[in-house]
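Structure provided below as structure tokens; questions to follow.
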């Protein structure tokens, strides 16, 4: 079973040289720490920056330079700054190669729910609906089950959804799965120490298992 | 060139009355028009509709206007970090309209650019689509969204000249440039007001045609929400 | 009767302090020469400039600095440069206060034809359709009649139109006229030496004459 | 940062084939990609659809590609100054689609920004409206216009860095920034190619994400169409 760091490390392996990437808040933000330095990639922040750098030192802190999570950041050489309209033009136009974000639920046809829980205070969707409706490739970082043990990989989402038929890949604490265009979670890899049976029990949606399922290698 | 300079925030907001529809620039607390927010607070006008990506925090930004119950409605994409906001929303004192961030940005741009409606994929199949026209183009579904315009747009820039040309700095740009185009009256507060001719015409973010009033703000606090340092 | 310079001079009197103005090619371009220097106005060029200055000296000529007529120009202090999309956002969004352009025909309800003559090579509408469809205030500079003596102020345009119900004011070689919202050319001023009868004869569309019509004063 | 540098114009256009749909930046002869036009001429590919505000003059710009009959169709707002163009058009060898300039600019922006269609007032009641949906908003009529996208967008900038960030100069900016966003492959030729980090991130006109190939052009002629001097 993977902890948050493990999920982030496994997702980092999906990153390819030359990619422009948008990282959501939470686990996705951690992914940046594990992208091999041999790869040239550029991180987009939807509030208006291409080329997010490391967090600043005390001396470098600049209130005019934050990421979409409102954290202070720095810029890489070759960065570009722009407005929110331009930023979402980029996102909507399909110019960002990979979007990594968290989810509360994913359905077997790729619907995602990650913005609202009925009965709880609604904070808003922020940029999530634009990102999921527009991205060429979406990887979701999530817990396979709730704290109560209920599966979050479902036939249909129970929570209000953020976007339809958009998730392409899931990296959970238990497994790596593709969401197939025709529907269904195709099991690709098991987390270290996790059995196929455990994954089957934790997946309420249609799970597709073909041949031997390898354990993740980091 | 046309001189747009006003004396300060109070003069800039002089004719904003009860029930006005305002756009306020900024993302979180980054790039918000601090001086004008304080002037609106002092002025005490009520019933405001505020179009702004966020709603500030309890004791800063638009949060200050919420505390004094000057805001009737917020139109935002994310209103996370504000306990007073939550209280007013749950008690029904405050109306909130949540809009996907990219749709919000584009609707404001459309308002400024004279485009009454456009199609966007964000929100298809979600509750955001309720009541909206859905149309398929090239095998993908899109929603029809309308422009947004305001009585007054209040933006914050880094530098500006006396004719209203603006330059933003870093990610403090965010929603400010589009909002500057979408107000019947656009008010710009800047950290540094410079004479005409000092800004390079090639690097102006907001051309002065969009700005009706400009002044040099003072005592910028520029509060940081998440001070995150590298280890 | 006014020559081109006269028309330009008379239109210049319509310009008010603080206006942003788009000047079309031909007579409208000449208007710039007669705007009183006491007025602060800004000229927009739809290819991406606010703040057109005088034509350059031989030393100042810059191939990267032209107006919409492809003429070399200079910039005024306080100018701003932008893309064509931003330029027409400005125009379409109603931010330009006054548009002055030429016309081949205007109808009594404000339709304008100025881009195409059947049988002749079509060069294209350029930005004219955007300008007439968007402008808050449009003044047309035109000849009242063709060389053959046919009126160009008509009940209905005979040429393919550029925009509908958009012209607000006409300055011709014979007269100044408002185009009324309810339809009709309201005669405001006569050109020096031109009689009301001559204007009546030269106007095929509905002409409204109320009271004494003064001669233009420059 | 990602390195986008190619050796020169010929390498940049290497995979543009017959019948490709191209966008070419520029307004008149100002800000046109001179090096790539020459490379296309040399390459001799045919059947091109060229989306460009103008069509050059007889012996410069896109006019060169017209002379060699490499262009099947022009999509432009104004094609005035070109005798060969007129001959081909009248003889039916060349197709022309004329689009109002602002609509052309906005359709290209929409293509890059993932907006499949939008409403604009330009052309309402004219022959441009033929076959288009007309809808009224706030008492005014608008036409529905679709995005434009290209197989290759070819733009010209003043400065660019190795990761594709671009800065334009003067009115040579014109259609280049939108076109840069609307090509499946965007090729940028620049007068000066600089190392990453040399351009100020705050003043970049086209972020590198839009650009797939960049090179430093040579021998720019920058021909002037109307050399007009003050007396």
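In order of appearance the chains are A, B, C and D, and numbering begins at 1 in each one.
Definition applied: a residue touches a chain if its C-beta (ideal position, glycine included) is under 8 Å from a C-beta of that chain, and two chains touch if they have at least 3 such contacts.
Please read these numbers as outputs of a predicted model, since none were measured by experiment.
Participant: Considering only chains that satisfy the touch condition with subunit B, which of them also satisfy it with subunit D?
Facilitator: Expected: A, C.
Participant: Counting only Cα atoms for the centres, state how far subunit A is from subunit B in Å.
Facilitator: 29
Participant: Let me have the rounded angstrom distance from the C-alpha centre of subunit A over to the C-alpha centre of subunit C, please.
Facilitator: 55
Participant: How many Å are there between the centre of subunit B and the centre of subunit C, using C-alpha atoms for each centre?
Facilitator: 36
Participant: Any chance you could list the residues of subunit D touching two or more other chains?
Facilitator: 106, 109, 113-115, 120-121, 169-170, 202
Participant: Touching two or more other chains, which residues of subunit C qualify?
Facilitator: 49, 81-82, 88-89, 91-92, 134
Participant: Return all touching chain pairs.
Facilitator: The complete list of chain pairs in contact reads A-B, A-D, B-C, B-D, C-D.
Participant: With touch defined as at the start, can you tell me which subunit A residues reach subunit B in the complex?
Facilitator: Checking each residue of subunit A against subunit B gives 45-49, 54-58, 61-73, 81-85, 87-89, 91-92, 111, 121-130, 133-134, 160-164.
Participant: Going by the contact rule at the top, pick out the subunit B residues touching subunit A in the complex.
Facilitator: Touch residues, subunit B against subunit A: 27-31, 53, 76-80, 86, 89-90, 96, 98, 100-106, 108-109, 120-128, 158, 169-178, 205, 222-230.
Participant: Subunit A touches which residues of subunit D in the complex?
Facilitator: Going through subunit D, the ones touching subunit A are 1-3, 109, 111-115, 161-163, 165, 181, 196-197, 201-202, 204, 207-210.
Participant: Using the touch rule from the top, collect the residues of subunit D that touch subunit B in their complex.
Facilitator: Residue positions touching the partner: 106, 110, 113-121, 135, 137-138, 140, 142, 146, 167-170, 202-203.
Participant: Touching subunit D in the complex: which residues of subunit A?
Facilitator: Subunit A reaches subunit D through residues 17-18, 20, 40-42, 44, 49-51, 75-82, 86, 88-96, 134.
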